[in-house]
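Look at the two complexes coming up: subunit A is in both, with subunit B in one and subunit C in the other.
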Partner chain A sequence: MQTYAYFPGCSLETSAKEYDSSTRAVFDKLGIGLEEVPDWSCCGSSQAHKVDRDMAAAIAGRNLVLASEIGDIVAPCASCFMSLKEAAVELEHDSEIRDMLKENGLEYFPGSVRVISTVEAAHNALEKGEFEGKVTKPLKNLKVASYYGCLLVRPPKIAQFDDAENPMSMDRLMEAAGATPVKWSHKTECCGNAYIMVDKDMTLNLVRNILNAAVSAGADVVAAACPLCHMNLVMRQPYMMQKYGLKSEIPIVYFSQLLGTALNADEQDLDIDGEVMRLINKRRQEANEVKEVG
Partner chain B sequence: MVLGAIARFKSVDVDLKKEIDRLSGQKVDMCYLCGKCTAGCPVAPYQDIPPHIVMRLAQWGSSKVLESKMIWNCVACATCYTRCPNDVDVAKVCEAITQIAKREGIVADPVASALREKFVESVKNNGRVHELPLAMAMKVATKDYLGDLDVGIPMFFQGKFPLFGHQIKDLNNFQKLFNSKKAKKEGDK
Partner chain C sequence: MSSVGVFICHCGTNIAGKVDVAKVSDDAINIPGVVYSSHQKYSCSEAGQKVIIDAIKENRIDKVVIGSCSPKMHENTFRKTIEQAGLNPYMLEIANLREHVSWVTADKDSATRKAFDLVKAAVGKVSFAKPLTPGQVTVEKRALVIGGGIAGIQAALDIANMGYEVVMVEKEPSIGGRMAQLDKTFPTLDCSACILSPRMVDVAQHPNIRLLTYSEVENVNGYVGNFNVTIRKKAKFVDESICTGCLECVTKCPLKKKIPNEFENGKAPRGAIYVPFAQAVPKVPVIDKEHCQWLLSPDPDTIEVAEGEKKPKRKCGVCAKKCELGAIDFDMQDELINEKFGAIVIATGFNLFDHKKYGEYGAGEIPDVITGLDFERMVNSSGPTEGKIVRPSNGEKPKKVAFIQCVGSRDEAKGIPYCSRICCMYTAKQAILVREKLPDAEVYVFYMDIRAGGKGYEEFVLRAQREYGANYVRGRVSRIYEQDGHLVLKAADTILGMPLEMEADMVILATGSIAREDSVALANTIGITTDAYGFISEVHPKLKPVEVPREGVFACGAALSPRDIPDTVATAGAVAAKVGVLFSNDILMSDPMVANVDPMVCVACGACVEVCPYSAITMEEFRGKKFAKVNEAMCQGCGTCSAACRPGAAQLRGQTDEQILKSIEAVLQW
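Entry: the complex of A and B
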């Protein structure tokens, strides 16, 4: 069995618990092992490199060293993915940062570990045909806007995954899950990340634009692949309808929750919102009715 | 405002430019001001000057750039770097300028500065980010104490904002990484 070193990241222990449990459930269904990196530490996220780039590479690098005992490292959070991957690039080229780690008992061998996101890992599994026969509860008729955010595909030189302007991997995963991916404009527009805590007005404007684009494209739900994107998109929808011209509320789910539903994973692990589940079932029913009439 | 800034502060400080190049690992002279970074920048409309003007001021080594709000509010989304025809990572340039500005005691956006400081402090304390104290520290920094309680309280009761954070086992060695510096950090590169 293929096994990845799994790097959950800080948010998946707290505000994004359901992203963690649904990710584990999906990979379990796909027959891919996830072994948690022992005693992993924060990746540095979008902030540490702003203070000191070398320190950021070193703290992210610690996780790469720990993961190398297990294998390639897979991260569900887009920000973790990018921090770890950027560190891998810097460690490869900069022996002095490797020395910083070595001084503290952590030896990194360039090229010893590859960093990928859970979207990429799931997409690889799809391409290898590992979904075949496993999609027992397809998400018929459900229109999904796949939201990649920034760091899953950008900057392309480091992410080295999918297209930076119009990525399709998550759309293909949604299609494989029986859903209907919608074409829309804001797949990779930034949600404002942690700046929700700095400039709320600016961030809500960015989020409003993303949500309105998804609503206009006729999406039932938005699928996210980052805990911070998810939080920003979910948090203030009623308020944005009053003050920011949001057209209508739209549910936000993790892509793993949708995949897991289609793969018939344990409901408790998926922890999908009851209202979203009713919507999924309603769309399934509509699809069946059309079939009967037709 | 933008044109005024250009007219008034056109002065070349080679040392400042060199320092920006060194800290960012970029060559700001590679920029020919096409404005693609500004066209794609999600936060530019909410700032004082747009990213390509940051680049221009950096090329001149104008100390005016240190006072800009834009450099602090770059969200590092990498849209500019992705689209730059000359391969300049504008986010890294902004980041480098904030580091210089901070050293000079000029912090045009104290809240953005607090976010990165508090974040790193939180990581250093436990090895992982503890969201609740970080969010509370940011409430203090923005003086918006009650603003998000409607969102925060339900999350607290869903167990999504635990009171106690997780501390990693090897915290001692982890914290040493914050103090170790590259052997030849100053001067060269």
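Entry: the complex of A and C
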């Protein structure tokens, strides 16, 4: 069985527990092992690289060394993914940081660990045909806007995954889950999460544009692959309904929750919102009715 | 023992500024074999050459070393000089003291030492030079022109008007190329078809030109003056000698609205039997065998059916029924034609960058985001919309049109790093056309900078801005998306230093020029090289801009690099002149510095036959002994065989193993 080193990151233990449990459930269904990196520490995201790039590489590098015992490292959080991947690139070229790690008993061998996101890992499984026969509860008729955000595919030189401007991997995963991916304009627009404390109005404006674009494209739900995007898109909605008047509210779910539903994973692990579940079932029912009529 | 004369040139201060020429000259007299040594200001001048001639005569010099600039510059000059003094022109060796020494060495002492080393090597090498005499080849005074766009048309007409025979090969059903697809041309705004069509007709009617459309070059052998070319004439399934071009068949083809017409950039349909456009030359339709229902349906003769059952018939065949002359011939086969030519002209043109790579501009999936070529067809009165500028999504007139320049060009990340040279100008032209046809529409042009180098070009761009009111915005567009029935553009105005968001009804992308997808394959067939982007490489970008590194082969137009119509026509004319120069010779002198194989040393291993890039070596047999033989007319003197030959039988004349070893020895010993 293929086994990845799994790096949950801090969000998945706090604000995004359902992303963690649903991710584990999906990979379990796909027959791919996720072994948590032992004694993993903060990836350094959002702050470390702004203070000192070497420090950022070393903080993330520690996790890479620990993961190398297991195999390639998978990170569900887009921000963790980018911190780890940037560190891997940095460590490859900078022997000083490697020496610094080595002095602390952490020897890193360049190229020993490949960093990928859970989207990429799931997409690889899809390409290998590992979804075949496993999609027992397809998400018929469900229109999904796949939201990639900023860090999953960018900067392209580091992410080295999918098209940076028009990524399609998550759309293909949703298609494999039986859902209908919608074409929409804001799949890689910034959600503004990092600026919520600095310039709230700017962030709200960005979120509003994203949500309105998804609604205009006719999406039922937005699938996210980043706990920060997810939080931002979910938490600001009620406030914005009040202040700006959105076109309509739209549920935000993790892509793993949708995949897990299609793969018939345990409901408790998926922890999908009751209202969303009702919507999924409603769409399934509509699809069946159309079929019967047809 | 030979008597070598050494002449060191100052080249003004080019060499003398870094090399102590007097010292090199004084020391050279001590090199064994040297009987005379001097230095002078400009050896290539008439006075300088006279000094050399006189010295040769007075001192009974039989071999000459000249320390000067690169042999690429003046080897031929000095060969003629020593020939005037009565020597064989190949008893000469040039020591490159300029490009290899003075221009690239900082320190004067080491430059002088290196100069002396090179002179020693040249003396060692020339001591073993043998007199050589050039061979002679005849010239077949017929030219092959590959490509029937404006470049090929101009070259073919010019060559034909000199009185030489020309065969033009065009792979599409009609000549005309890219220029035929354009509506108006910059900076004069005259109609492209109006100025091109007469020349297309001239080609078809010229007594010296034979036109082979729907044909491709398959193989090229031979050498300058004597190329053997195989041309595949693809089956048109229409007999050109019978067809009158009434096009009754075309109008009746049931698929006439089904297949995207390449000429219309896929924006209008054609049938399986079609002429690409109304002014096509020749005006004879072809049947596209990939789509024709008759040709795709199985041949009844090959089908076996049980007794009593009817054999299935071929599908369709409407065109054959409609043609009163019986010009449709479904049994027609591809034809291979072998022809002999003295010169080959490559005029294969260019392609346009595919903007599918730009996810931020919708990856080619937003209907109202079109390319410049799409727009050319749209605005053309014989195009898909009969000249009306409309939004492809709903057929309505756009109120706001945005142009984006440099799509693909000057983009190292996604496209090509070079500037395509024509986009600034065609965008300005298209902006003018929009304002002319839709005076109420607003026009915005997003640019990086304006490159309008050309006669009347800058003025033309200013006219687009001032007279026609096109709004030029300096900045890249970072994203285009559809919203509520129009397009949203996100950009930066880098003059205001502000981000910008704008709505538009239609966006036209100035996609860059790239090499033809089959240009590398064609170059391989002809035995020439391309640059990193697939454009044909010229010998020298300034001094030999239309020659390619295979003698007798020339290239013009956008096959060499992106260029506009004036430059294309100019290079086509230049090619014609070069072909004319070649054809003014009845006999060509072949370079004697080619390889030959000593049959007494050859062990017939065949290594040279395999490595020869010009297929100039074959295995021969004489009285039971096998050996390799070089066709001296085909040999280009690259020396690969000589390097591959283990017993040392293959030698390059003028660069023999002996000469090279002696020159190394000379540097090390004396």
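Just so we're on the same page, the second predicted complex is superposed on the first by the 293 of 294 C-alpha atoms of A that agree within 3 Å, B and C clash if a C-alpha of one lies under 4 Å from a C-alpha of the other, contacts with A are read in each partner's own complex, and residues count from 1 in each chain.
The rule is short, and it goes like this: a contact is a pair of C-beta atoms (placed from the backbone, for glycine too) under 8 Å apart; a residue touches a chain by one contact, two chains touch by 3 or more.
All of these numbers come straight from a predicted model, not from anything done at the bench.
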Which of subunit B and subunit C A:Lys183 touches, first, second, both or neither: second
Chain touching more of subunit A, residue-wise (subunit B, subunit C): B
Which superposed partner A:Pro155 touches (first subunit B, second subunit C, both, neither): first
Partner chain in contact with A:Ser216 - subunit B first, subunit C second, else both or neither: second
First, second, both or neither for A:Ala164, with subunit B first and subunit C second: both
Which of subunit B and subunit C A:Val290 touches, first, second, both or neither: neither
Set intersection of subunit A contacts, subunit C complex versus subunit B complex: 156, 164-165
Subunit B contact footprint on subunit A (complex, rising order): 10-11, 13-17, 39-42, 44-55, 58-59, 62, 96-97, 99-101, 103-106, 150-151, 154-156, 164-165, 188-190, 192-195, 197-202, 205-206, 235-236
Complex contact set, residues of subunit B against subunit A: 25, 42-43, 46, 73, 75-79, 81-82, 89, 92, 95, 98-99, 109, 111-112, 115-117, 119-120, 123, 127-131, 135, 138, 142, 144, 147, 151, 155, 159-162, 166, 168-170, 173-174, 176-178, 180-185
Touch list for subunit A against partner subunit C, complex: 156, 163-167, 183, 185-186, 213, 216
Touching residues on subunit C, where the partner in the complex is subunit A: 358-360, 362-363, 365, 413, 479, 481-484, 488
